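Below is one structure, written out as structure tokens; the observations come after it.
So that you can tell them apart, the chains are marked A, B, C and D in the order they are listed, and the count of residues begins at 1 in each.
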């Protein structure tokens, strides 16, 4: 397993294994990029993600936003993290075509008690502008309150 | 079918049938109340809604918030409505136990171009305070721009 | 000074004095109600609150939402509270006429690390429906991370 | 007056003059950059913006977010725009020192009925990282419903 980048506590393979273990089910997402700036995840859309009219359901986009933001927090804090989503705000900007979803997560803040992650989601059908016009924008907030008292077995929060 | 209340364009049975038709799959929700003040929906939690530690997943709560808010808009506008979710903001207030979810939706505004719905979600295990301490609060915003002129097909939104 | 209601740590007069002291300037708001359910504040609109067209500025509504929510938190926690606003989400529902603003704040959660307050703002010109059709709805989130250990000086938040 | 950039309907000087005219008072902001990607505004903090403890008030940050986002919309639509703020969501990330505020606004969407603008606010005291660690992040949503038909008077929004 390759060494994680500076400022990153887990690499893509470690994050993938952790997510499968934590949620106890197969993970349909590919973690395409993990670095100090953030995380990129690709999700193929399945039949249950679709809505009449050939678009992708809101809950699919919301689940992806929450998931990629959580992976971004984990990538900095390591597997001992106990981050609980306290707020998710999502703007649906454009109707996504039923192609792969690509989500870019970027940490706005990683504090002692709160972490905030900005997420942009794209519908990537291979077109030249597909990764420039987001279909959704989201900010997800996590509380790290449960990390106090510090867990002696795990890595301390940043 | 009983006549809808004043100010309400569809009753619970009509809304239930419309939702099944629109989303083309069984609806696990019971629409318990529809009146001028809003809508109450009950959702039993299934295995796929659960998370390790015996709680309910965020996407389940987000999907319920979006769904009950949409039903509240439909109940006032009738089946021709073409309302598209443009924003969903949700605060996760308390960790829900794995019991029935009950969601109360109340219209904040039903305008010509925007509708806003306030949602409170409870975890109802039958305890005396279960319907007084919400596990989540959400505001869902819909754009009704496409309603002008009214769509004769009543095609469902994304 | 009358004894505060059960569940309330400060009454209206104490809150008024505290706010003047904390912010070091006159308080144009009247705190009309403080009880276990929440707080009501009335704000006369001044010339600097107005916008061309005879309406009230967004920043005036945002400042009122933040202020009344903070008073609601204080009313439960007492003057030692060190609550810092971490998020404010506001929906502008209707264009307010240039009359008194009335803001009702209700605690959604008062936790160890986070407090969330729901706010409804009305434009009250004395009409029969003025306090039934909100002009804005807001949720304000506070971090109480600094409350541990309690601050004996009662220094006001930012 | 220099020609605006491609994709931009008004340049910095035109926007400055428009804002003074629209709000009928001096504008303390300097519009530092206007291009296809967005707008940068600098606001010196005044005494009334400060809070005890030497930080900047929340309402100052909220007013700046709303203002810079509006300028970003105007810069694309020109002075006939009648955009009304319908939602403002702001995350307070770090306590700002009492130095200049710098706000960067970027259009997420400029649609027929809705425009969404992402805003990052920095406290710029001249330090090397000051423009890399935002003190606040905001998304502001505007309704352009009243733009149809375009308003020839260029009357400013609320």
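Following the convention adopted for this analysis, a contact is a pair of C-beta atoms (placed from the backbone, for glycine too) under 8 Å apart; a residue touches a chain by one contact, two chains touch by 3 or more.
Note that this is a predicted model, so its numbers are computed, not measured.
Shared contact partners of subunit C and subunit D comprise A, B.
With centres taken as mean Cα positions, subunit D sits 29 Å from subunit A. Centre-to-centre spacing of subunit A and subunit B amounts to 26 Å, using the average Cα coordinate of each chain. One finds 34 Å separating the Cα centroids of subunit B and subunit D. In subunit C, the residues touching two or more other chains are 86-87, 89, 91, 141. Under the stated contact rule, the graph of chain-to-chain touches is complete, every pair of chains being in contact. Of all residues in subunit D, those touching subunit A in their complex are 89, 91, 93-94, 108-109, 116, 118, 134, 137, 139, 141. Those residues of subunit C whose C-beta lies close enough to touch subunit D in the complex are 22-24, 51-53, 55-59, 62-63, 66, 84-92, 95, 155-158.
Note for the complex: subunit C touches subunit A at residues 86-87, 89, 112-114, 141, 143, 145.
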